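Next come the structures, one after another.
Next, two complexes with chain A in common: one pairs it with chain B, the other with chain C.
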Partner chain A sequence: MSLWVDQYRPRSLEELHYHHELSNRLRSLASSGDFPHMLFYGPSGAGKKTRITCTLKKLFGPGVEKLKIDQRIFLSPSKRKLEVNIVQSNFHIEITPSEAGNYDRVVIQELLKEIAQTQQVDLNAKQRFKVVIINEADSLSRDAQAALRRTMEKYMSNMRIILCANSTSRLIAPIKSRCLLMRVAAPNAEDMQTVMQHVSKRVGFDLPPDVALKIIEDSGGNLRKAILCLEALKMQSPDLSGALTIAKPDWETYCHKVADLIISEQSPARVMEVRQKFYELLSHCIPPATILKTVADRVVERVDDAIKADVMHWAAIYEVRMRIGNKKIYHLEAWVVKVMSLYKHFFYGMDLTEFD
Partner chain B sequence: MASFFKPQPQTAKSTPKHVVDPALQPWVEKYRPKTIDDVSAQDHTVAVLRKTLSSTNLPHMLFYGPPGTGKTSTILALARQLFGPDNFRNRVLELNASDERGITIVRDKIKNFARQTPRAQTVSSDGKEYPCPPYKIIILDEADSMTQDAQGALRRIMETYARITRFCLVCNYVTRIIEPLASRCSKFRFTPLDHSSSSSRLAHIASEEDIQIDDSVISALISTSAGDLRRAITYLQSAHRLSSSSEPPTLITPQDIQEIAGVVPDVVIHRFVQTLGVEVGTDMQVDVENKPGNAGFNRIRTEVREIIREGYSASQILLQVHDIVVSHPTLNAKQKSSCAIIFAEADKALCDGADEELWILEVALRVHKAVT
Partner chain C sequence: MPHKLSQSSTSSTKTGKTASQKRTTLRLEPSTANTKRINPMTAFVNASAPRTTSSSSSKSKGKGKEVVKALSPVVMNQEINQQESYQLWADLYEPKSEAELAVHVRKVDDVRNWLREAFEGGPSGKLRKYRRLLVLTGPTGTAKSSTIRVLSNEMGFEILDWKSPAGDAFANAELDSISSDSWVSDETTFTKFRLFLERASRCQNVFKTTSTPSSSSSPSSSSSKNPNLAPQRRIILLEDLPNILHASIRSQFHDVIRSLVENADPDPVPIIIIISDSGMRGEAGDERLASGAWGRELDGAVDIRNVLPKDVLHGPYAREIKFNPIAPTLLKKALQALLKRHFASSSRKSPITGQMLDTVVNSANGDIRSAIMALQFACIRHGSGRKSKGADSSQVLVESITRREQSLALFHLMGKVLYNKRKGDPPPPSASAKDIARDQELDKTLRDPPALPPYLSEHDRKASRVDVNTIYADSPIDSSLFSLYLHHNYTQFCGDVDECDGVAEWLSWADSSGGEAWYQINPYQFHLLALGTLHSLPTPVPRLSQRVCKPVFFENLSKEKKGWEGVRDVRSWIIDQNSSGSDDGGWNISTWTPTAIATELGGVFRARDVAINQSLGLSTSRRMPSISSIPSTHQTFSHLKFVYPKSDNRRSLGGQALDEEDADALSSDGAMIEEQQEMGMWQDGISNNGGIGDPERRVNVADAGGWLESDDIESF
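And then the complex of A and B:
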């Protein structure tokens, strides 16, 4: 038995619940035979992937649902072996080049050229071209993006590329100008309500509106999270009544604990304690940017209005340093120390300008 | 059993597979200039190149300029005019960033190609005469993504085979080409297209494709694409696809273009900017709670979350807020310049891959502080 998220995922463009205008566009594009390269972007859990698979189905028919998973090995210029997982059907292929880290360019060059230079072999296929889906396109390196540029133009007759990204900021302009941009916004509360009602109806129970509202508020526009949450609640108490508490993930409570530590005392000993906790979080593979954001959000809730802006300011600064730098923990700690000193100085009413 | 041997009805013997249906071709390729006289704007460059066509003497060339200004188109058109369709294949080598261009390729492929002496052939199959000068052209597209080493290896090759080979480097940023290479080439700068030449080109394509568009759409195309003709043409084609495939076919509106280009709608941006305490155009009705100046931290944060949830790209938001602030009528110079610093920092951070929500919030908070 699979999760509700997968089980009740819409399979065709007609089943989609929200962004009807977008679905109409996709439908008309897919049936016109003149299909461009596309770039889907939007926050996570908004339904980008669902829309892509629905579009593919519209393009090629049910054949795209027969997936096979493959592992390909590429050789980097320095003869290192790179293993990349590939999901493919007869009509499309799906890759996540960022798996190959720095060598994503090699993957893009070799794989795309190979696909682009062979034509569709299946004569019964609805379309003459194959589709390449590139996930996490915003984490592609500059080189890999540059490698895409001319390939996208040259092999237009054999191949279409669908990029899937969280934001377009990190994509270079030449790529953006070659794609049709498709913005998938997060669903609003009403849309989420309908989807959740739909899911619960399919499962066969009634969803009380106040529970739905609570889940929606907690999920922050992430529909996947909302539905997972719904399923978890249902498991917890089958009749969905009484005082329901939406269980926060462990790491989130842990982050909140860190924030509380920072607020309650500001001393070197406390910094050491916080460091322990950060190491714990990092060793459980929580992305450092997420840690920083969650802790900062919590800290901001608890401090005075006057220093809220400053806390966020330093969070932003250290976040970008973390990206450029190598060792994440330094920057996390630096931020903690900064916040502690801000907080302390605020209490003793000292002027801080000389310490910047 | 007998039915098995019955002649099968001929099922869809389709047309030759290799021909691309012109209707499906991207317009960018379809309307690539065929001769250098077709190249829009870039008068200076075209004038110089036309002279080289008649004298058939060509220097090494370095084309640079922002994307979509016609660099690749110009050199391809020039090569085509010089050699004609027959010789084009064996006289021109085009390498771009999608090909491996490390130092080994420079040493082997480019050197081997540069070394060959071209065969003379004057009469072309289509009856026209082409100048067909006694040299070959190597086009290195997107040359700014070549490594320093590879560029270094090119230096001597360019000189040694100068008699029989000309190089044309095409790049966006001339500063990324090493100095010794740049000094061996005559440089041509491609400027962003001005309003009139882009609009005439777009109108030409629209009439060829039989689309009805009015001037407002063309100016929307030009303003969203900022001098990048390729982007404008792509947008036009996408908009046409969408409008023609809907039922019933509708006319293209400027709003369609904005949506395709990923521009944040003015309403959203204005509300956002107002929350930050910047007064915008008086033609919008300002409701009481949106009165600028009274926004606290929490309001700004909810506003930022809202806008990020809508999925707009941070750099686009930044760009549009910047446009509003910089051309704002009542903010004073000091406020504007401190805002400009913030925008610059945020842009750098976003380029480095920073978290979008954090940085939009940061920009919002600091702009709010600067203007109030």
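And then the complex of A and C:
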């Protein structure tokens, strides 16, 4: 069993449904024989990974689709064993650094060194180099990025690196400057409509455009989310008439309700309740930054224009603190309290200074 | 006040006179060489005597004559009953019977029952197999060893005690160098230890085959059997453990213990390990935690989790009995009895007043050894300090003797910070007159801060009654745990959201101040948090019968851990799927990173569950494995039910309430700290350390919220 997202994923650059200009560029890059390091960035669900695999296929031919999964064991400096799953073909290798946690530097260094020092032995290979794909590159630690920067220059002769990230802001400048930046923007509504119609045709059912539109609106440009949602909806109500909420992941609905809680009452006791909810969310493995973003989006939707900017301003500040700090819940809660305080003062039409 | 003072001063001078005739002070003199061994403690008693006189004389500056007078009797009274002074009271008056033990009767019973079962096998006779290892834990000076000794007397068993040979080796260093073929020096300490354990557990003592119960009251059962035929009962007592902080020695130690405990000896010798808790507190641990990189390897504390391997600790053979700090009443009774015994032999009057005794008891924190030491020291000093000025100075004296790190109970620490008392606050209705007087006394010493300029007037506060430096020094917890406690409890003490905002902002700021690496962590976290909280809370805090609770942070953390385990299960399932059926390309593995699985697959999985349940006629319990082989652990992250808070005025805080009698706050915090460390360890290896939980476990997380009520998602 596999999901529609994976099953009907385009496999070559020609099959891609949108961003044709980008596809053309990638095609010519892959056939030029002078392939640079690359950095694909854009929001999640925009099609970065799809484009990377398509490019690889263009580079190396269908052999690149023969994947095997290795479990490799690395030794951390303190002699702890790290098991990391590595997906690889004869021509490329993929790493997700978040799997290695704090030791991503070790893992990246070891792997890259190993690949860089082995020559491509397959004489039929189209390219002399191997490709290393680093997923979630923006979660790489500073150390790992610094380590990467040197390796990228040193082993240029037999290795190329493709980074895949949501945003370039968390990558250090030296890395950005060593890569060709490829922005994969989120598809617009029409693009998504075409893709979803395509998927439903391949699956073999008729997708009413209004249902598709509803899903598209809800997914906010995340195509993967839209297709997953479609599949879940189809699974539960075969005639696609059910409410969208049944198809969405629980945590999203949950986050929206938390936002409603914040707006409906502003009191210390409510802070306590919201904290409880945050704990629940966190214990369901939802990344704190995602929680903050989802809740903040929802809050912004519901509050008055006058404080929208402030709400987001504080969300940004606490997100940064969350990244540096240790205990995520403090920052989530601090934001909630801040928003409550803002909202309350706005609601009563007075400012903090009037208390004096 | 003044007449009281004079009265007691005469009494004290009287005692001073009587004491001067039979002085207990000593001087350093060659006679120390006569003692067999120099005990550092008694050596200190020797040396301290002249020093104490000089220090006490220096207190009364300007009275030169007095100084001479004070010194002269010391020089004169050289012939003293040395024997008494050489021995510490703690050794001299070691309890010989249960009646003398200051331990709670039930605790002694626990130990006795265990020992009885270990020797006789309990009522069924089969328990003996499982009574192999007893671990006594507790703070220092809670009579753990004494309990064993007393019971040994009472029940008539022999204690095989391991003494680390390190000291002897140094003492015999010269001997060894002369007789260089001494085989002892070839062995490492640990080998000796292992040999000791092996011999002790197997061999009988050659010299003491006649098992004569030494106590007067013959033990209950062995009199019925023939004592000469029955082997002498023995236990192995390990107080002086090898250096288990060294990783390799620890693993060796674990192996030895494990093999001893698990071998099927028909006649096992029970092992008793005594571990004194040392307070676990320190910013260092905090920092390491923050780094997340160094786990327990560098952990410097000896506690039961280090000493015993996990499988033994949780296995059937080991049992832990925790000793609590000795209750003040028991302690006082024991000290009084001791004083009576001591001063009954010599016809002197006890120089210890009831008030002094109280001070000693209070400052001992349930540590009877330190209390006895303090008493002995007080008696010595009192003897020499002639010019002590009455009760007041004797009080000062006792306080200076008993001064040690007084730990502030967690409950009081949180109360101090969260109630935010400031100068001139009206006393709470429950306060006693004494408390009010004390507060007023304190207020007099507090100076008001200089007035702030008008534009800062919102930050104007009265002087706080809380001295942050003091509570920092006395705090039993480190700043990280402190912040968790604050975080969990502050909302109850806030009147409205703006005050919450202040505290939350400080918590957030302090948590993120400093840098990402452990060595950049802010060393002033504790102060920042305490001061920030005090500044933000209302004054006075309205008393609404708030209850300080333990933070639920770690429970949620372990839930999160479980959730990630679920994610890992799903991920390995996806990988399996891919490697087995490669028909339509299968899953695109590299897309499904753990985070993506956690955030995006939830909906599909839930939908699939629902669909399958529908097809099976809503039977949740049985599911056809052929249709869905998704590991059921996915529910740990995909199922999340929203429960609306009850509109009840008594809102649930969650977490266990702290109370004043929370004596083992520290030990439970120890557990927390361990969890914290686990968190650190776990953070660095989210996906790699195995321990995949029971896949059948279906955690209905919504239940954990505590207030499960109507949970209709669509109702909002």
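As a convention for this text, the second predicted complex is superposed on the first by the 340 of 356 C-alpha atoms of A that agree within 3 Å, B and C clash if a C-alpha of one lies under 4 Å from a C-alpha of the other, contacts with A are read in each partner's own complex, and residues count from 1 in each chain.
As a convention for this text, a residue touches a chain if its C-beta (ideal position, glycine included) is under 8 Å from a C-beta of that chain, and two chains touch if they have at least 3 such contacts.
Since this is a predicted model, take the numbers as computed values, not measurements.
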item: Superposed partners chain B and chain C on chain A - clash or fit; value: fit
item: Which superposed partner A:A232 touches (first chain B, second chain C, both, neither); value: second
item: Which partner, chain B or chain C, touches more chain A residues; value: C
item: Geometry of the superposed three-chain model: angle at chain A (Cα centres of chain B and chain C, steps of 10 degrees); value: 100
item: Which of chain B and chain C A:I324 touches, first, second, both or neither; value: both
item: Partner chain(s) touched by A:K248 [first = chain B, second = chain C, both, neither]; value: second
item: Partner chain in contact with A:A185 - chain B first, chain C second, else both or neither; value: first
item: Partner chain(s) touched by A:T96 [first = chain B, second = chain C, both, neither]; value: second
item: Which of chain B and chain C A:G221 touches, first, second, both or neither; value: first
item: Which superposed partner A:Q193 touches (first chain B, second chain C, both, neither); value: neither
item: After fitting on chain A: smallest Cα gap, chain B-chain C, Å; value: 9
item: On chain A, the residue positions that both chain B and chain C contact, one per complex; value: 77, 142, 320, 324
item: Footprint of chain C on chain A - complex, ascending; value: 1-3, 5-7, 9, 11, 44, 49, 53, 65, 67-69, 76-78, 80-85, 87, 94, 96, 98-103, 133, 135-136, 142, 224-225, 228-229, 231-233, 235-236, 243, 245-251, 253-254, 257, 260-261, 266-273, 276-277, 279-287, 290, 318, 320-322, 324-327, 329-331, 333-334, 336-338, 340-341, 344, 352, 355-356
item: Residues of chain C that touch chain A when the two form their complex; value: 289-290, 292-295, 297, 457-458, 480, 483-484, 487, 491-492, 494-501, 504-505, 507-509, 511-512, 514-516, 552-553, 556-557, 559-560, 562-564, 566-567, 571, 575, 577-579, 584-591, 593-596, 598-604, 606-608, 610-611, 636-642, 645, 651, 653-654, 683-688, 701, 705, 713-714, 716
item: For the chain A and chain B complex, residues of the former touching the latter; value: 24-25, 28-29, 31-34, 36, 41-43, 46, 77, 109, 112-113, 119, 123, 128, 142-143, 146-151, 153-154, 156-157, 167-170, 173-174, 176-178, 180-181, 183-186, 220-221, 289, 293, 296, 300, 305, 308-309, 312-313, 315-316, 319-320, 323-324
item: For the chain B and chain A complex, residues of the former touching the latter; value: 12, 14, 17, 20, 23-26, 28-29, 67-68, 96-100, 102, 141-142, 145, 225, 228, 230-231, 234, 237-238, 241-242, 244-247, 259-262, 296-297, 305, 308-316, 349-359, 361-362, 365-366, 369
